[in-house]
Structure formats: structure tokens, C-alpha cells
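Each of the next two complexes has chain A plus one other chain: chain B in the first, chain C in the second.
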Partner chain A sequence: MTPGMQTAGLSPLDRPNSYIGKAVPRPNLERLLEGRGQYVSDITLPRMVHAVFVRSPHAHARIVGIDVTEAKTMSGVIAVVTGAELAKVITPWVGVLSHLKGLKSAPQHAIAVDRACWQGEAVAAVLATSRALAEDAAEHVVVEYEPLPVVTNVRTALDPATPIIHAELGDNLAFERKIDAGAVDDAFKRSDKIVDVEFIFGRHTGVTLEPRSIVADWAPGDRRMTVYLGNQAPHMVQNIVAKHLDLEEAQVRVLCKDVGGSFGVKVHIYADEMATCALSKLLRRPVKFVADRVESFNTDIHARDHICRGRIGVSHDGTINVFEIDDLTGVGPYSMYPRTSAVEANQVIILIGGPYTTPNYRGRTRVVFQNKNVMSQYRGVGHPIACSITEGLVDLAAQAIGMDPVEIRRRNMVRDDAYPCDSPTGLKFEALSHHASLDKLVAMMRYDDLRAEQVKLRKQGIYRGIGIASFIEVTNPGAAFYGVGGARISSQDGVAVRLDAAGTVICQTSVTEQGQGSESMTAQIVASAIGVSMEKVRVILGDTDNTPYGGGTWASRGTGIAGEAALQAAKVLRGNILATAAAILQGKPDDFDIVDGMIVDAHGQQRIELNELTRIAYFRPDTLPPGFQPELMATRHYVPRQYPFAFTNGVQASWLEVDVITGKVKLLKHWVVEDCGTIINPQLVDEQIRGGVVQGLGAALFEHCIYDETGQLTNANMADYLVPMATEMPDIEVGHQISPTLESELGAKGAGEAGAAGAAACVSNAVNDALSPFGVTITEIPLTPRLILTALGRI
Partner chain B sequence: MIAPVPIALTVNHERVEALVLPRLNLADFLRDHLSLTGTHVGCEHGVCGACTVRVNGDIVRSCLILAIQAENATVETIEGLSDSGEIADLQSAFHQRNALQCGFCTPAMLMAAQDLLLTNPDPDRDQIREHLSGNYCRCTGYHAIVDAVESTAHARLERAG
Partner chain C sequence: MKAPAFNYARASSVQEAIDLLSHYGDRAKVLSGGQSLMPALNLRLLAPEWLIDIGPIVDLRRISVESGLLTIGASTRHADLHRSPDIAAHAPLLKDAVAHVAHPAIRNRGTIGGSLAHADPASELPACMVALDATIVVLGPDGERRIPAVDFFVGIYETQLLPGELLVAIEVPKRAAGVRHFFSEHVRRSGDYAMAGLAAEAEIDGDAFVRLRLGFFAVGERPILATAARHLIGRPVTEAVLAQACAALDDELAPQDDHQATAGMRRYLARQLLVECIVSLLGRSDLRTKVVA
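Right after this comes the complex of A and B.
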């Protein structure tokens, strides 16, 4: 067979030797395996000083005075800087976006100027020749505070008697949104059973294993700021740093090399990091800040703190007639900048009931200010909450009418042949696979066998439960996410590919890498589309000076958006290479193909290697036909335009055992079936799913930022804030359905957050299933032994 | 402040002499004085395990011991274990199985896994999970790590015949 025949009608991705759909190992992992990565915490620059922040011990207090006299005299101290002093070189910000209508917030400073609004907000910075010396001196900065009344309880945050945190805003309401679709009251009236419960979601946080770290290097001679930062969105950071430090964007270079965990925690830019940039500009030398673990708990964004009343109306035949929610969340004293703190609530309200045909839905969400650490987007953003409410209600409805949880889902999920279609709230679904995914899940977990085992074990006093949760997930967001609201956060991504003089493909992409495999995904696509081995592709990312402009890695967008840009750029380069080959070999471009780095002709005959082609193109262009100029570099950008988001779907199941004496939950097994469209690397997708699941399992059972009524975070350390350990986690089996998006040639949708979306919901449902003989329903996470034993009436 | 103290120890088979402050912990000594940045600092209070190194053959949390306590000790870090080839098969299994994502926990995870395999050449999955429970990983969910350790154990047993 000739190469021309092999590839006729085939996408480059389907060609022989394609890496698409192959579980190849990620390139360039040796440096991480050998401890030779370069995380920001590893970076040391000449004349670098270390910043340590003095933080407010009060949740709300006026700063009466700061005495730095003694601190300034201490060993190694270079400077002590207050908020008022720093405000001369950096402007404050307000975390609002115009498309989140009515969202309000107050100006936030890099370092508090007059008032600290949460325990842990920085009130001064100490700079010294080592972190230890800076910490020594920080203890000698004397801050006089006048404590102010605190707002900590979200339930009373809007009461007239509650103090208003920012008087100029008029109240503590940051954002409110309502949805009313269909005929909700009628639907409840004709329902045979109505379930009405309150769900409580504990506040938790990402706990990236490497704390937030930054080295800011203002070079006065170049008038440039180089920022080494563990971050997912370097171009966003470039914009924000320039804007608030009175610089042009071209004066700011942001470098994101190895990042020790991100999960959305590092998609934001924090006041501490902004202060570090400003301090570097002020001191005209590099400044490093690495958060310690206590600071991480007090200042990394938190998420999920929601109280939500949920109602569902169901008929005896299993038809779900209506959903209704009333959601309340407290997000700290400021809306996070620039992505805001209203997105999680906004996602919750739009995603309720997502997998189902139910036409009637009423929802309200309110976001209130409080004197706690700021909340904002963390992996899954709203999905875990919407999924837990929806799937919790569906299970309770099934229980109310005596129907199996799988059966009620089958009767109500949108049919797999119904697409494209819109949800009652106007979400646009291109192609989902709820039924096929559920069928596959039921087969994988051997649902009927588990039910039989459950019944048998119950007779022996062993209480096991099965929990199932379906979900839809927002991926591949277009400009609707941030751009339309006025944020300079790009929804498009760009990829440049070039064939260098040695025949190696150099690829620069605006997507970033935090371990999910962006580099591998890019190399697999580019290598496949051009026709070279992956070893011949070098990917450059995380550098605003050396990559095209783009959004980065967040909202499960890397593969679907930057992957498509990589494909299109590589196809153009492939065409240019073939044109050059045709010029050298005196034929037509269509007569040739590139197979494993070799130009072959229509008879499959190997003609010249790519490094021979590049030798001629770069060093002997005089031998080419007159007027022919090889263009061995190509750039393409991509953003989805047809759909605001590419929705994906999935379903998860948990099998667990509740010890009714101790209240402990033992996770036995977890299953996931998800549909992210075209899969580039199944191993990487599976591992994204597993990692996300375990973060959701942590939320379900352990993770909780516990504040007292005075706004003190009482468990800001790793011994008291529990994260999942290996021994507590189950094996996780992952299966796939594949419904590609037709909007792109690649057909890929996102997978990074699907695991987190449904894991906690399954566990809650499984615990309630296990405890059903006791007539107990718990709709709160984390499901601690205390919570379970209290529900059982044992304590 | 107490004055610096001279110490002498062996790090990755090299003799090291240094003047250190008594309060300096071993993790900061390795990272800041010897530039051995493969030893990571995740919590600085002995919980996350990212700073695990081998001291006199035992794995320890280098954030919980002082550099001066390592006087005359033999210290091995991930750089040493990598260069000696001792864990090449384990590293390869981690790579093939994608048992790392961000890689921040990985050097210490490899240390802990090798420690297990040296004492228990044929651990079951529960034993692997138990032994690695002092090392937090926020990316992988642990399943792939357990797979990689299990497959390394099996391969070593096969090679040993």
C-alpha cells in the first residue's frame, strides 16, 4: 500500500504510528524522578532577599499603628514595609466581572492598609537575607490592633443586626442569582412525593504539596520584572502584575516551570504574590516568598462552604418532576481577583439537575461576605456541590417511592440519541452519553452482585452501601467564562511549531504543565500530525516571553483548546515541510508523505530524512528553485465559538462500609465512567480522573477548614486538617465512553475535573444507603465519625 | 542567637564539612547549603513526608531533625539514590505507570517505597498502601503509585529467581 493510499481520507491523527489514543509515558519525567526538577521554591538568584509577612491574628481589626523600630535593627534585615508604604508602588483591585450581574466587592490591597479583614491577612512585610532571619524579625514587628465585630456565620450575614464588613457596599451580599424555569409550583403539586432537605458542605482547600511560591526579580537596568511563579495562567499574571505596578505588559515576564500541585489553587494571583512583586520593585532586587504550611491554610483560596436547601418532586412511576434549591455561601471578605468568588455559586445554580430531562427548576444562590479567608475556584468549581445536591435528592426521591437508584436514573436521564439539545436553564449539550455510561458502570461494578452481597452482609451486622452519582461537566470554556465579563484572561490558546536545523520539532504552547501531562499531550498531537516520533518533539511552555498568548491550564481546557491549536499548527507545518520536499525532489507536495521523520514518495520509497531537508532549507537554499522560500515554522490559535462550553458527562460509584460502632467509613472500591470525547492518552486521562476522585473523597470524609465563631481557623496544619492517605483510599477503576465534540477536528473535551465532580456525592449516597436500615439520612460533608455517630443517636 | 557549629557527615557518599546554626534542620541544610533541592519541603512539621531522606539506612523526615544531629551520619538523598542506580527500576516503573504528576512528593515517595521493598520484597497492595501512608500525594490518588511499587516488587522477585 502506498503512503498516499494509507492516508487518503484519514485525519493525520488516524495515520499509522499515530500517538493519539496511546498510553505513552510522559516525556522528560526523569528530572522529577531524580529530584532534579526546578520548582520555584528551589530558585535562588544573586542578591535575592526573602519576604516574610506579618499577619493579622484577628479576623477583623483596625490597624492602629505598626512599630517596626526594633525589627529593622535585627540581624540580616533589609527592610520592613507596611501596607501604606507598599501602596505607593502598587494599586488596589476589586474582584468583580460585569457578566456576573450585581457582583460587588471592595478594594483589596496587597498588604492591608487600615484594616485586616481575615485572620491571616498580611499587615506588613519583613525582608531579610534568609527566611529564618526574616521570621525572627517579624516577631518583633509590633502591631496595635483595635478588634472590630466579626461576621462569621453565613446564615445571619444578611440580617439587619449583623455588622456590614464593607460599609460602602451597603450590605454583606456579594452576589445573588435566581433561575425559574418551567412551572415549579404546579410540578410540586402534582408530585406524589416531595423530599425537602438541607445540604451542608464543609469549607476545604487544595493543599498543594508545594506551598505557593514566587521569586519576583525587578531588574532596574532592563526595566523588566521577571516573575518565577508556580501558576497555571502565566499571561493572566503578566497582565495583572503590569496593571497594578504601573508597567507595560511587555515589561513583565512570567515563568512557570515545575509546579508542585495546583488544582485551581494556583490559577489565582494572591495579595502575597502581588506584594512580593511590589517589594522587588521597591527594593530593586529579587525577592522570594514561599508560604509555609500555616500560611497556606490561612491564605490559599478555600472552596465549597455552602448551605443549600434542596427539594425534589417525584411521581410514583419514577418521573422526576421538579428540582428546587436555595443556596447560601460565604466567600470571605473580598471577591477574589481577577476570577471572582461568585463562579462557584454560579456553577452550582446552573448545573443542578444537569443529567435529567426534568423541565421544572427554580434556584436561588446568594454569596455573602464574612471575616474568613477568601474562597474561590478550586478543582471542580461548583460541580461537586451541584452533583451532591442533585444526586442526593434523586436518591432520596428513589427511596421515597421505593425505586432502585439505578432505575430512577435510567427513567430520567436525557436519552443518548436526544442530542444536540438544551437544558431547561438553557445549557447547550452537543453530545453526551448518560445511559451508555451508566450501563457500563453497572456492568463494571457488577451492581446486582453487590446488592446481593449487601443484603447478605447486613444479616451479619455489616453495613455496606452503594452510592451512584451522574454528572455533567463544563469543559473547554470560550470567552463566556471570563472574557465577556471584562477579565483579560484569554479563552484562546496558541501553538507555534518549527522544524529546526537538525530536524527536531520545537513546539511553543500557551498551555501550561502542572503534572497533568500538557507536555505529553502536545507532543503526541504534534508528532502524530507531522509524522515524526515523539522524541523529535520538544515542547516549551510556561514562559510569556517564549510562547504564544493564551489562557493556560484551567477549567479542563488544555487538551480541548490548546490541543486543537497544536494540531492545526502541526498540520500547517507538515504542509510546509511537504512543499519544501517537493521543491527539493522536484515533485508535487501531494506526492509525498512524512513517516517517522522521513520523506517518502507515493510508492512508499524513502527519499530524504527531515534533517537532510532542513540542511538544504537552512544552509543551501541556493539549491532550491528560484522564488521558493521554505517556511518551516507555523502558528495557529484556537477557541471554541459554537458552544460556550463543551459539556462532558460521567457517572461514578462508591462501595463502602460504615462501622456503626465507631462511625468510621471504609472505602472499598470506586468506579468511574466518563466521556471526554477523543482521548489523546488514556493513561493520563485515567490518572486525572483518579486524582480528582481522591480529592473528592477527601472532601467527603476528611477535609474541613474549621473556623470558630471569632473567625479563627482552628486546624491550620497538616496534623489537624486531614487529607487522604494511601491506606484510606480504594482502588479506582476507570472506564470511558467517547463522544467527540464535532466543533474541533481533534474532538477532545476536558477530563481534569470529572473525578472531583462526582466522588463526594457517591460517598454521601453510599453512606446513606449503608445506614438505611437505621432510617438515617445525612446530607452533610465531611462525613466524620462524630457526624455519623450523632446521626445514629450514639453520641 | 547561638553561634554556628562545625559538623561533618557523609552525604551521598561525599564527605561534607560545614558550619551550621544549631537551629538549622536537615532539610534546609541539604537544600540551602548543599543545593540538593530534590529533598522537598511540604509542611515543615513532619506530616507530609515530602522531605524524606535516608539517614544511616533508615528513612527519616529531614524537617524533623537538626543538621547537627546528623554529625557523623551517612545521609542519602534522592540525588544519591538516582546516581547510584539503586532505584532505577522503581523510577522506571513510576515513569511507565505515570505514578507521578507534579512530582513534588515523588523523591520522598520513592525513598519510602524502596524502604518497603528492602524490608518486605513481596508486599500486597494493603501493605504498600500502609507503608506509603506517611507520604502525601495530592495528584495521583495513590492507585498508580501502588501499581508501580507492586510491579517493581514482582520484577525484582522474578530477577532474584
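Right after this comes the complex of A and C.
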């Protein structure tokens, strides 16, 4: 704490006029509610053309020939471009990172050149004066395919008899990792009960309200590519576009204006987006591509799709002695670029058993190639799977020894006073609050009352269940996530703040906004640290030409990293303002404070407004003491370096009813207690938690990308792919524990993925709890009526 | 996801619509509420040369009651049905059923005529028409045809409507005093197409059915007026009688597999619906299948 920052013993963040911890409305709310958002599809540029991609109907096929003759003659058509033609202006990429040892993948082209490897991969682009005309012409691009054998089943993907998708790789294994900690075999031997089950997680996707969209504008005159993109990481995109289109980074400007939901779907750059940039360069004019809903289902990254055998050994006294997993996942034909498709599996294997003291753990995960759409990072990345396996096993262990699910957790969770400590897999925990969080949850949900109600209702043939799931969450990642593996994805963020001539604060930040409230969070911190009202702070983000360099918004890092950079930049600006005030008012900087945009003295007497200070600084510097130069702009960057990640923790509970006649699950109530350290805006945090919970509930009950054995996605529409809807969602009550990270002054950790991490796990546990009188255990999601009726032997 | 180009004609009268339909034949599609047609166009599942918009024809959006008959114009919105006092008084089954049709935005635009002419076997309203013994009134170049609902639906998206004909109205017999109804469906999410559904109407004398019309949907290629009802009419309903009816029902269903339910699951759900229906209509919870953990 800087001495000049003190006011009556309070830090600037908890002074009476602080916005920290307040549920203030988002600054961008009114604009968005007025329909004045500017999304990529709102952008229209002179001479702009629309790209439509002809996509492979086969999961795996050789492209024998493409006849574009008729399509080229059709109304409004500007060009029809094949993969081979486009390859002249854009190089292919390989989605591997060196720290994911052994990860391999094959070169992927923006548009397939010789071979399509999943149903939906682009094989040609049609450019026309409207999307509709381009779609008309696309129907007349004649592609001759020679279907190739498909690999769809992950269980047999590594069998010698299974064809190899990329012959040059030698097999279909993309990545494998093993962990062996403690004395696993001994621990099983001395366990009184061992539970051994297979968990199945359906493949699903992110379903952003706004589909992926891009306008690429290559301006030959100034040799610059301007890319308007719905994306979470503009500087990452800048690097990749430059790299593959033979440009310098300075020749590429990436703008991410309003974005209608991202959830990790938009943290990647997709082949069709890269193709759109290349098409703009090829045609020397702006090109727009907006994925339609069918394309979104076929090409937006999918996630989960794991089959995992899990074992747990437990003693009669409730001690969990050991966890063991063998995980298998299929990620499509390529590892996604640039963040790869190995991260989810890697997270699964390191996060198993995370909340518990159990020192014995053995794990293996294997990532295989298959002819389906690519999988990669989506909200929660591995956490929902690790949590479902861990907490599923813990509940089954409790059942095996006849112990209450809350009690077994209390006996095994890392004590709240045991920090800092490491997990058996080497994770470093600074300060977590498993026990306090569970105690709070149990009180919020009135656990004992619910148990009594459950017993009473069972006698009436009503089967309700309680499910609990504790979790740890990776947030605020440092360079360990991507940078050390060679990816040019920044883990640090930068914020610049300055006073304009009227005393308004202009803040440029490298964090981005897709609806989670980054703009509000930044404005709250900056306003509080300087001492102005939020209306006096204008936040600029999502523009590589106009923001400091930084990572963006993903991996629950925005507040913890960019928020700290904003605080530090604002503190420097505040110091500079006070120095200027002291020069004007002939005092010492420590004699003054800034309160609601006014310079006040030690007695609280108002002296001058900020706009008077800027008037003097900018227009009458001649009146300032000689040698004094006001510096009314400051920039700071931040990245955590003490801990690779700031782990958070939380616990969730579900109360639901299973209709044993129809197999339907009715969610009655959901509770979350989580600990993200310092909370900047409780409303935004709670909504992040609720949004994540709803996505987790979607995975638990509804969402499923259903492929047939030939690799066809059979439900690529909103009627057949079921997203969770308001009517089916329960009330979600959110509580907090607060264990700030001491690594930053702000103390904030991430909250964006905590909801998704544990929601499905507690629904699964609650369903099994409800069905326990029938002796039925289901370890597969989504928990459809069909699955439940089958398990009950009714159909 | 843009519709292929089409020509658009607005019909200002029924006659004009029929003239246009006769002229263009199967090159034309009628645009009513557009809630099924527009998605089909945007997905390029359909590419009609002409769309004939019957929206401007105000005569088609009405509900009237005359001498024992409720007449519903084809362009009547689902939302109109839901808030109509005449529907509530004379065909309460319909009021209950439309609440299950999709979501409010769709109910505000979707029409009864559109739903019946589209003939999705998983839709609620065709089964209601079968249960209510309604008559579908169509007009064509050769005049009017009045088709009983049980005959109107032929198969998946298939009806007796001929190219050039327009579905103009539905006639539903006013419900007599003492008639009871039942509506239920099993869906994944509220507003989804059903995995199985049942719309039923019954007259009861003492503890026995005098008349029982069971309109099942989503369990075959078209709404099914279940003949299994014959086992339940004119005799006291016992568990054995109900089991006999369930077995008979199983024989007359021909459900298909889809993402949400297998054929076997649909048969199972249809039997559960039948049981619930009889329990509800007779007020006999003792007949409910016992589930013992």
C-alpha cells in the first residue's frame, strides 16, 4: 500500500465512495438494451462480399475434384475459391504446444485441400454480394468425393484394425499422460471397500447466442488487414493471422466489439475464419462470414466426450485412501489451433481428487483422433469431468460404507488452515475454504430438513435426491498455461488510464467483453482507485490498435489479472494527479485526496475539480512551477508469477425429483457456495455463477451432439439439440466465502467457470441418491428419460 | 441459412387465395403463421416457387358458435384459442392443449390451420381434432369439401388436402354437458415436440364410460384415434380391464425411434398416458400403476 493512498486508514478500494463489492449496473447496459450494440454482423463495409463455405457431407473423404463452372456464372457471385487456390495465400498450421509432451497433430488447412476429415469441414468458398446468393451458388458447386473409412468410436480408435486418420502420425493417439502419486496399489489393498465404475460424458458444445462472425478487410493501399471478429483474445488472433498470411503483426488490426456470448467457443480461431482473412487478401476487398446455426453445430468446438473408468478405495471410518482413473477422449481429426485439444484431458487428470487430502492417485488419459468435429476448450475445461468423476466416486464410496455424503467430505477435504499446500499431482494451493464453504452450503440448503423431507416423500412414492459436489478451479493462469509451451498467447494484461482535457478518465484495457461484465469491472476498479464516479470512466477494449498488449478474457482471468493491472495503473494516475494538484495548490501530494472527482485537502475541504486541474495541465502549463511536468496518463501490466494458477474452490448442491414412471428429472433447487477471493461486483459474480450452473445443468440433462457411426452429426439444430430453457431451470442460490489471493493487491481470483465446474456432478449424484431405493446407479450424462427408464428396467 | 428466392403473393380474400393456388398448384405453398414453413425455407428443405400469404384474409381469423357447432377460422392463432371464452366454454380440451404448443412467441403467430395442414405427427392440435371428432373444411376450385379429422391426416406431413385447396375452417361439435377431457404429453423440455401425447374426451355414466375418444400423438405417422377405447366403454374399469386396453393400444401403435425416445419407450409412455387418462377421467387413483421401490 502506497502511503499517499491512505485515507483515514482505509485503502482506496474500501473507502466510502468505493465501487468495490457493489452491484452497480454495467456501463454498457443501456446501449445494449436500446439495440445499439455493434456486433460483427452489424458491420457493412464498401465493396464487402459474403462468404459461404461448401462443406463436406462426409466425415472422411478424398476430394477427387471440384467443379465450380456453373456456380461461378450465378447471379451475384464474385468468386469461388477451392482449398488449393487459397493455400497460395495462407499456410497451414499444426495445433501442438511443447509443454503438452508428446501431443501430435497433422497440418490443417484453412480450406481442405485433398481430404475432408469431418462432416462440416469446408472444401470451397463461394463469395457473392449477399449471403443468400452465395448460398444459391454453393448448391451448384459440384464436389466429387471418394468416401474413406471413418474413425468414430473412441474405444476402438487405437486398435490395430482401425484405420489411421493421419498416416504420417503413425497412429490415432494425439496425446497421453500418466500420473502415479503415492502408493496406489497398497492403498487399494488396505481399503475396506473399492468402487469401480465407468463414467460417460456426452459430447456437447457452447451454443453462443451470436454465432461466430468475422469481417476481414485487407486494404492493399496501406497493406493492412483489419479483422472484426467475435473473439475473446484479439492479440492472439493478430499474431496468428499475421503468421499465416505472411504479414507483420503491425499489419494486422483485430477489433472485437460487442460479442454475444463466448464461453470458450470464441477463444479459438477457426479454419473458416482464417479462410475469410485469406479470401480478403486474395480478393483485395472486405469479406464477411457469419456462421449459421447449422454451421455452428458442425464447426464450433465441441467439448467433453470422455469415457473414464474410475476407482476409489475407502476405509470404514470414511478415509478415502486412493483415486484411480483411466480416461479416454476423442477430439476430432485435428488438435485445435493454437490452444490445442489436449488441455481438457490434461485438466481432467490433474484435477481429480482436488479437494481431498488423499495422497495416492494414479491416472492415465488418452486423447485420440476421430472423424468428428474438433473438440477443444469450452467453459470449465476439464473441471466438470474431473468433478463428476471425483464426486461421483466419493458418493459411491460413502454409499458403500453407509456414510452420509456430507460427512465423508468433511472427513477428507483439505483443512481450511492447512494452506499453503500442494496436491498429489503437484498443484499449489494458496488459500482455499472447502470446510467453511461446505458448512455454509449445508446451512443454506437446510440439509437435515431436506433429508427428513426426502424420507417422508419416499413413503408417498415421490423420489427426491440430494447431490453435493465440491471442486477446485484453475483461475488467473500465468505463463504456465500456454506461454511456456511456445504459444504466443499472453498471460499478462495491460491497462492504460489517462485524464482527458475535461477530467474524464479514459481507460484502455487488453481484457475483452463478451457479456460477462469486463467493462463494468474495469470501470469500478479504476473509478474507486482514482476517486471519481463510474460515469467519469470510459473503458475502451477489444482493439489491438488501441489497447495495451494482453491476453483477453478466458480461463477466469479477466478480473484477477487485468483488474489488478487496472488498479495499479489507476493508482499511478492518482499519484500523478495528486502531484499535479500539489503543484497547483502549492502543497504536498500527501496533503490531498480525490473524492468524487474533486481534489480535497486534509480537512476534506473541496479545492479544485479534476476538470480545472486538467485545464491548467493541458492549456495553462505556463502557470505551473518550473520543472514540473504533469503526467496524466499511466500504464501498468500485471501477471501472477508466484503461483502458476490462483486456485479457487466451491461446493454445489442439487435438490431434484425423479419421476420414476416417465424418467424425467425435475430440478427443484440449486445452491452454490464459491470462493473467488475479493468480489468486485457481486451481481456480476452471481450471474457468472448462475450462467455456468445452467450450462452445467444443460450438460447434465439435455445437451448432446449425437453422431451416428458414419460420423454424421444428426441433431445439428435447435429443435433436436436441447439447450437448457428457463422453464426447466431451478432457482440458483449463490453464497460466497472470501479468501483473497495475497499475490495481488486486489486479491481477486476468477469466478467465470465455477458454476460449470460442479453443476453436472451434483445433478448426477442427486439422481443416484433419488434412485437409491431402486438399487440403480447411473454414471452417464446427459441423464435423459430414456437412460433413466432403461436403468430402471421399465423400457 | 437463407431461404432460396421465391415469389410472394398476398391474397386478400379466400377466393383470391384459391385462384392463386389453383394456378400455381404444387409450385406454391400457403404462408399462414409461418412457424414451420419459414424454418423449412431457411434450412432449404423446401424451395417453392411461390408463397401465397393468407395473412391478410381477416375472415379466416375468427371463432364463432352456432347451433351446437364451434367454427374456428384457419388463421386463428394458438394464442387466440387460448384466450377465447368460446373455446374455454365449448372446447376446453383445445384451451388446455394449446398451452403445450411450443412457446408464447410461436403461439402468437402460429395458426390452427397451419398446424393441421402441416400435419406433424408429434403436434398437439391434430390429435385434439381427432379426439373432438372435428370436421376440417377445405375450399378448392371445385368447391367445398368437409373431411372428418380422423380421415384428414394421412401420414407424416401428409393430409387429404390437394394442391389448389385451402384449409379454411375447423368445425368442432360443442361439448355437451357432463363431457370430460384429458390432455397430457411427455416432452423433454416445456414446449418441445412430444415423445408421446394424448388428447381425450369422454362421457361417463356412473362408473363407466359411455363414449371415450383417445387421440394419441407422436406414437405413429399420424394422430391415432385409439380403438383400444372399446375395451373401456360400457363396463366398470378394473385393473384387468385397463391392462387389456393397454395391450390393445400397444397393438395399434406404430411409433418410430428418434433422438429423444425409442419406439419401445414411446409405446411405454403411451400406456402410461392411457392409465393417467383413465385415472383422471374417472377420478380413480386406485387404478394407477403401482411403483414400488
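Observations
One rule holds for everything that comes next: the second predicted complex is superposed on the first by the 787 of 795 C-alpha atoms of A that agree within 3 Å, B and C clash if a C-alpha of one lies under 4 Å from a C-alpha of the other, contacts with A are read in each partner's own complex, and residues count from 1 in each chain.
What we mean here is this: a contact is a pair of C-beta atoms (placed from the backbone, for glycine too) under 8 Å apart; a residue touches a chain by one contact, two chains touch by 3 or more.
On a predicted model such as this, the values are computed, not experimentally measured, just so you know.
In the superposed model, A:773 makes contact with chain C only, not with chain B. Once chain A of one complex is fitted onto chain A of the other, the partner contacts of A:655 are absent, as it touches neither chain B nor chain C.
Once the two complexes are laid over each other on the shared chain, residue contacts for A:706 go to chain C alone; chain B is not touched. By the document's definition of touching, neither partner reaches A:218: not chain B, not chain C.
In the superposed model, A:132 lies in contact with both chain B and chain C. In the superposed pair of complexes, A:785 makes contact with chain C only, with no contact to chain B. The contact surfaces that chain B and chain C form on chain A in the two complexes overlap at residues 132, 292-293, 717, 719, 724-725, 727-728. Within the complex formed with chain B, the chain A residues making contact are 25-26, 29-30, 32-39, 41-42, 75, 132, 206-211, 258-263, 292-293, 514-517, 683-684, 687, 690-695, 717-719, 723-729, 731-732, 755.
Note for the complex: chain B touches chain A at residues 1, 21, 23-24, 31, 36-45, 47-48, 50, 77-79, 82, 91, 94-98, 100-107, 110, 125-126, 128-130, 132-146. Listed in rising order, the residues of chain C touching chain A in the complex are 1-5, 43-44, 186, 188-193, 195, 259-262, 264-265, 268-269, 272, 289, 291, 293. Note for the complex: chain A touches chain C at residues 130-132, 135-136, 139, 292-294, 458, 461, 463, 660-662, 664, 702, 706, 714-715, 717, 719-720, 722, 724-725, 727-728, 773-774, 784-786, 789, 794-795.
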